[in-house]
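Shared between the two complexes below is subunit A, which pairs with subunit B and subunit C, respectively.
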Partner chain A sequence: MLLHEFNPSIKAFTVIVCVLILSVFFDPVTPFLTLVMTAAATFIFGRVSFKRWILLFSPFIFMAAIYIWSALVFSKTIEGETLIWTWGIFTLTEESFLRALSLGMRVLSFTSLSLLFILTTKPTDFLLSLMQQCRLPPKLAYGIMAGYRFLPLMKEEFEIIKSAHRIRGVPKARTFHDKAAELKRYTVPLLAGAIRKAERTAMAMESKGFTGDKNRDFYHKISVSWKDWACFAFFIGVILISAYISWLFGFLQFYNGEL
Partner chain B sequence: MLEKWKLREVIVLSVLAVVFAVVYLAFLQFGNVLYGMFGLIGYDLIFGIWFIVSIIAAYIIRKPGAAFLSETIAAAIEVMIGNAVGPRLILSGMIQGIGAEAVFAATKWNNYRTWVLIAAGMGSSVTSFIWGYYISGYAALSPGYVTAMFFVRLISGALLAGLLGKWMSESLAKTGALNSFPIGKELKRGKPENGITA
Partner chain C sequence: MELQHNRHILKTEQLSFRYEDVKKPILKDVQFSLYPGEAVLLLGPSGSGKSTLAFCLNKLYPEAVDGELKGTISFKGRRLAEFGPGEINEYIGIVFQDPESQFCMTTVEDELAFGLENMKTPPEEIERKIDEALELVHLLPYKHSLIHTLSGGQKQKLALACVLSLKPDILILDEPTANLDPASSYELTRILKEIKKNQTISLLIIEHKLDDWVNLTDRCVVLNKEGEILFIGSTAECFNQYAEELLHEGIWLPSAVRAGLSGKKAGIYHGETLPLTDRELITGFANPSAALQILDNRKNKHQGPEEQIILSAEKLSYNKAGKDLIRNISFSVKTGEFVAIAGSNGSGKTTLSRLLAGLSAPSKGNILFNDRPLSQWKEQELRQKSGYVFQNPEHQFIADSVYAEIAFSLKIQQIPEADIQKKVQAALLQVDLLKCADMNPFSLSQGQKRRLSVASMLVNDLDLLILDEPTFGQDARTSGQLMKLLETKIHSGGSVLMITHDMEIIHSYADKVLVLSEGEKIYDGLPDALWKKDEIMEIASLKVPYIEKLRNDIGSIAGREKLALT
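Showing the complex of A and B:
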């Protein structure tokens, strides 16, 4: 089964549950193994090219590095931990080092789970599934779809406003104050235009008979089968196996209570 | 909750969410620069901007759920555009929205004065911080640093969400695009001598 066929709502639910479970671990090995396995699943079952994946993933390596750095500098030292380095007021214990590393790995494992979702899910399918499986009111779902459709239109409008400013000789913003004024010059007309367009869209939808009634039928049906729940179980299993391996090597660490 | 909403309001809500989803993504880049410069607390400096749609939507539409739904939809749109933070972001959006919504609920969705808007921005700061504490493992950081982060985020929520949101909504209302919404009517009724025309 390809990840593209995995029911979008259950896929999103799986990712969120995985993230929630991963947040209880404070050792670097569990998130690292989860990262490796989810990435492998994305390549094998999602047929995602490595190039595309790494392009989206790489900024997070930088973020994880800064997180590790922050967590090291502002680490919490608990009495009785093994000291490995002191410099002035800075003290670094082995445990806090592992904790910092774990937080960085956590960022990366979250990213790999998220990429698995976004690289294998079509936005429209996701909304249709939310409507059909999670009882998202059609009013809201079609509202979101209409809004989503506005994105390219707004980009166009943005270009128009930019040209209009240029024609009228608005100078390029250099100082911070100018930049703030520029931001206002763009957002206010963009928003005003968008709101007017939204009102027209709503009118058009209503005149074509859209009532937002929950008892409607769908041309494009999205179903749930046992396979989707098997997929869910698979990813939960990935985390449990990661934690088990981490435990085998004596790394497994939950946060032990010092809140 | 949504039964009392007109379709017009729902679409306007979604469109606001779409615009701010793009703004949020842009600020993520800016946040990353600050993050690179100041570490974790860098995000907290501008964290308030990520609550602004709650304030704007609630201030414009003035119905129960506006703050919560707008933030949630903005997060969903960010995921749809393909932000690598992924579905978890929807949960974050809901949690941020609840913070602001709770403040509006406390006034029974009747009071949209400046201080309420500021308090709503701070409400989102509080809920988002609790969520961040769990999900980003702040428990492993030194308590002094975490406290500093919290206060910076609280101030950011008050200014960048509360005050900036109010100011933006009012600039928008002045264009006349919101004349069919409570905020536009209020503006017309309140200060007709300003020469505001539709």
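Showing the complex of A and C:
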């Protein structure tokens, strides 16, 4: 059973519920265990290569490190906490260390859950599922899909415009004022092109009889079965087990207005 | 049966259309009918409202645009206004010009399903219909491919399949081959011919280059500049009566007609009417071989005072993301030389031109410009001596007015204001844009934009100008004007390097032609010798220019006559 085969809407719902439950806990162990298990699920049931995963994950490690660092340095010391280390105005207590760590782990566990969704879901399937299960209006869904196709085209166009301006002998922008002018010079042709393309695509869609009618019979049916709910239960289970283990070792703590 | 055949399927009466912010209507009192199973060619100069008419006919206009439509259009006797939203699209389909912006899904299968779903086709029938439509355009092996991996020609075939899957009665083609290479556009016309033979479908075709379409069409409708109907009648009659007028309006004529016309002017064509086919043309000549000499418009080789090499590439290679896009290419360009680069889509032409312009650096090899390695040139200096014209002129515009656009590079060089003014005026005059000096470059017509983009390059005293398919999708007049500009450049001692799919241009202007295939140079030499190399022509999906084709035809007819005599 591959993660790709589950219903995208329910998968998205699962991720959202997991994030909500996780935010109730405020200890580093629960999110850490969740992180390990979701990552494992991504590799085993999602057949995602570690290289690809870590590439997307690493910026968040950096972000988490900054979180932890700032939470450590700027932590407020509460009376009666165990002191580990002091240096000038900086003090570090065991409790604030755990708080900082739990914040960082939270960021990473949320990331791993989102990656699990993103890396195992085709955008087209997700939109089809949103239309079929969540009554997303087709006008919006097909609009997003057409826009999604445009992204690589826009990037290509941007590169061309950049070199076209180089050819004209535009000097390199150095000052802030020049940079602003440069941005304006790029934006106008880029937008003009994008608007024209969007208009053409809209006409092409209309010419194929697209009216945005909500009664639509789909060729690709995205169904919901008990398996999808089993998957949902599995991930909720993952969090509860993480919390249970954390409790066994005496770390478990609920969020209590610490921030 | 006969009666039914004579009943029109689509009819317009007193059709006028005006865009909201323009006073003058773009279409005026257009009245014509379309009959089942016929193919009609819609001709007119650019800006005559051909596309507008096409969009009105399938109800895209006036809904998609602020404009006012007067008169009536009726389909099978029912007025278009009475059709519900999306209803008429089941009967009247359209294929657009731009292969990039016709699709909203990611795979071939999904795109076809999109249209069929819109028409409320029962889901269990959809797969069969998708396969049928793909079969018609020979795309079945690509059913599960991602659309962005297809070539331009395949994308247009897919667009055609999308329309055909809905089984329309009328198919409108709005310049479907304008962005395709010669071989792909030829294939598209062959597919349409096959379809027309096997189904009763009416075609309304808007096209620039007519050679491949003429033997497919039954009638012509010609619009004039004012958006009024100039002529409706059989294709033969149309070109016979209006050839000169069409030529004057800047419309491309089929090659046979054009050759016949110049033959007539030179007094060597004796046919009663202008020819539509090569056979008619040849029989109209008293002495076909002599006629060839007169018709051949190949320019005399322009000899520079000294044969100085201005640009030379030595063993260039370029790879990106592990792919070898350019492999070991060497060649040189001399002063005053016109060099053409040809090859099928994706053969590395644009990549090579970017290397030569110094926009990207080669992975291996050297480029010498004016005997100095490209990497040693200062950016500013290089840009004043070597220019590059992009495929889409809009990409190059940086100023708010046409005047400022041309003055831009002069200002960078800190030339005195008075001199700038003089130079810009001269450039504007040369490209016939003096009247538009204060307009925004983006508001110009397609042809004007193209001329402006070239003028903004030519205002510098360039030694070398590189152009990336500058004549794509341009009408005959714009194309002609552009080539004239380049000729002037050559005569003043500059060199031109041009990527093109247009074999007529190569034949008429090029001193030398390079042919690329999969990043390798497979030909480097005179155009005349290239036409005889069948294998290279085939690999690079090139077509021989018309005059060469005619020469072959005349040769084979003469050969057959000889055989009959013996």
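Definition applied: the second predicted complex is superposed on the first by the 256 of 259 C-alpha atoms of A that agree within 3 Å, B and C clash if a C-alpha of one lies under 4 Å from a C-alpha of the other, contacts with A are read in each partner's own complex, and residues count from 1 in each chain.
Keep in mind that, in the parts below, a residue touches a chain if its C-beta (ideal position, glycine included) is under 8 Å from a C-beta of that chain, and two chains touch if they have at least 3 such contacts.
Small disclaimer: the values here were computed from a predicted structure and weren't measured.
K.L.:
Do subunit B and subunit C fit side by side on subunit A after the overlay, or clash?
P.N.:
Subunit B and subunit C fit side by side in the superposed model.
K.L.:
So, does A:Ala192 touch the first partner subunit B, the second partner subunit C, both, or neither?
P.N.:
both
K.L.:
Once the two structures are overlaid on A, work out the angle subunit B-subunit A-subunit C from the Cα centres, in steps of 10 degrees.
P.N.:
70
K.L.:
Contacts for A:Phe218 in the overlay, against subunit B (first) and subunit C (second): which applies, first, second, both or neither?
P.N.:
In the superposition, A:Phe218 touches subunit C alone.
K.L.:
Figure out whether A:Ala202 sits in contact with subunit B (first) or subunit C (second), or with both, or with neither.
P.N.:
Touch partners of A:Ala202: subunit B and subunit C.
K.L.:
Can A:Arg99 be said to touch subunit B (first), subunit C (second), both, or neither?
P.N.:
first
K.L.:
Now for A:Ala146: first (subunit B), second (subunit C), both, or neither, which partner does it touch?
P.N.:
both
K.L.:
On subunit A, which partner's contacts cover more residues, subunit B's or subunit C's?
P.N.:
B
K.L.:
Go through the superposed model and pick first if A:Phe26 touches only subunit B, second if only subunit C, both, or neither.
P.N.:
After superposition on chain A, A:Phe26 lies in contact with subunit B alone.
K.L.:
Taking the superposition as given, does A:His165 touch the first partner, subunit B, the second, subunit C, both, or neither?
P.N.:
After superposing on A, A:His165 lies in contact with subunit C but is clear of subunit B.
K.L.:
Once both structures are overlaid on their shared chain, how near does any Cα of subunit B get to a Cα of subunit C? Whole angstrom is fine.
P.N.:
Value for subunit B versus subunit C, nearest C-alpha atoms: 6 Å.
K.L.:
Touching subunit B in one complex and subunit C in the other: list those residues of subunit A.
P.N.:
Comparing the two interfaces on subunit A, one with subunit B and one with subunit C, the shared residues are 123, 146, 148, 188-189, 192-193, 197-199, 201-203, 205-206, 210.
K.L.:
For the complex, which residues does subunit C have touching subunit A?
P.N.:
55, 58, 60, 63-64, 85-87, 89-90, 93-94, 96, 98, 100-107, 110, 113-123, 126-127, 147-148, 159, 162-163, 166, 354, 357, 359, 379-380, 383-384, 387-388, 390, 392, 394-398, 408-409, 412, 442, 456
K.L.:
Could you please specify the touching residues of subunit B with respect to subunit A in the complex?
P.N.:
Per the stated touch rule, the residues are 2, 5-8, 10-19, 22-23, 32, 35-36, 39-40, 69, 73, 76-77, 79-88, 90-91, 134-137, 139-143, 145, 168, 171-172, 175-178, 180.
K.L.:
Can you list the residues on subunit A that touch subunit B in the complex?
P.N.:
The contact residues of subunit A facing subunit B are 11-12, 15-16, 19, 23, 26, 56-57, 59-60, 62-63, 66-67, 69-71, 73-76, 96, 99-100, 102-103, 106, 110-111, 113-115, 117-118, 123, 126-127, 137, 139-140, 143-144, 146-148, 150-151, 154, 184, 187-199, 201-203, 205-206, 210, 212, 255, 258-259.
K.L.:
Any idea which subunit A residues touch subunit C in the complex?
P.N.:
Interface residues on the subunit A side: 123-124, 142, 145-146, 148-149, 152-153, 157, 160-161, 163-171, 185, 188-189, 192-193, 197-211, 213, 216-221.
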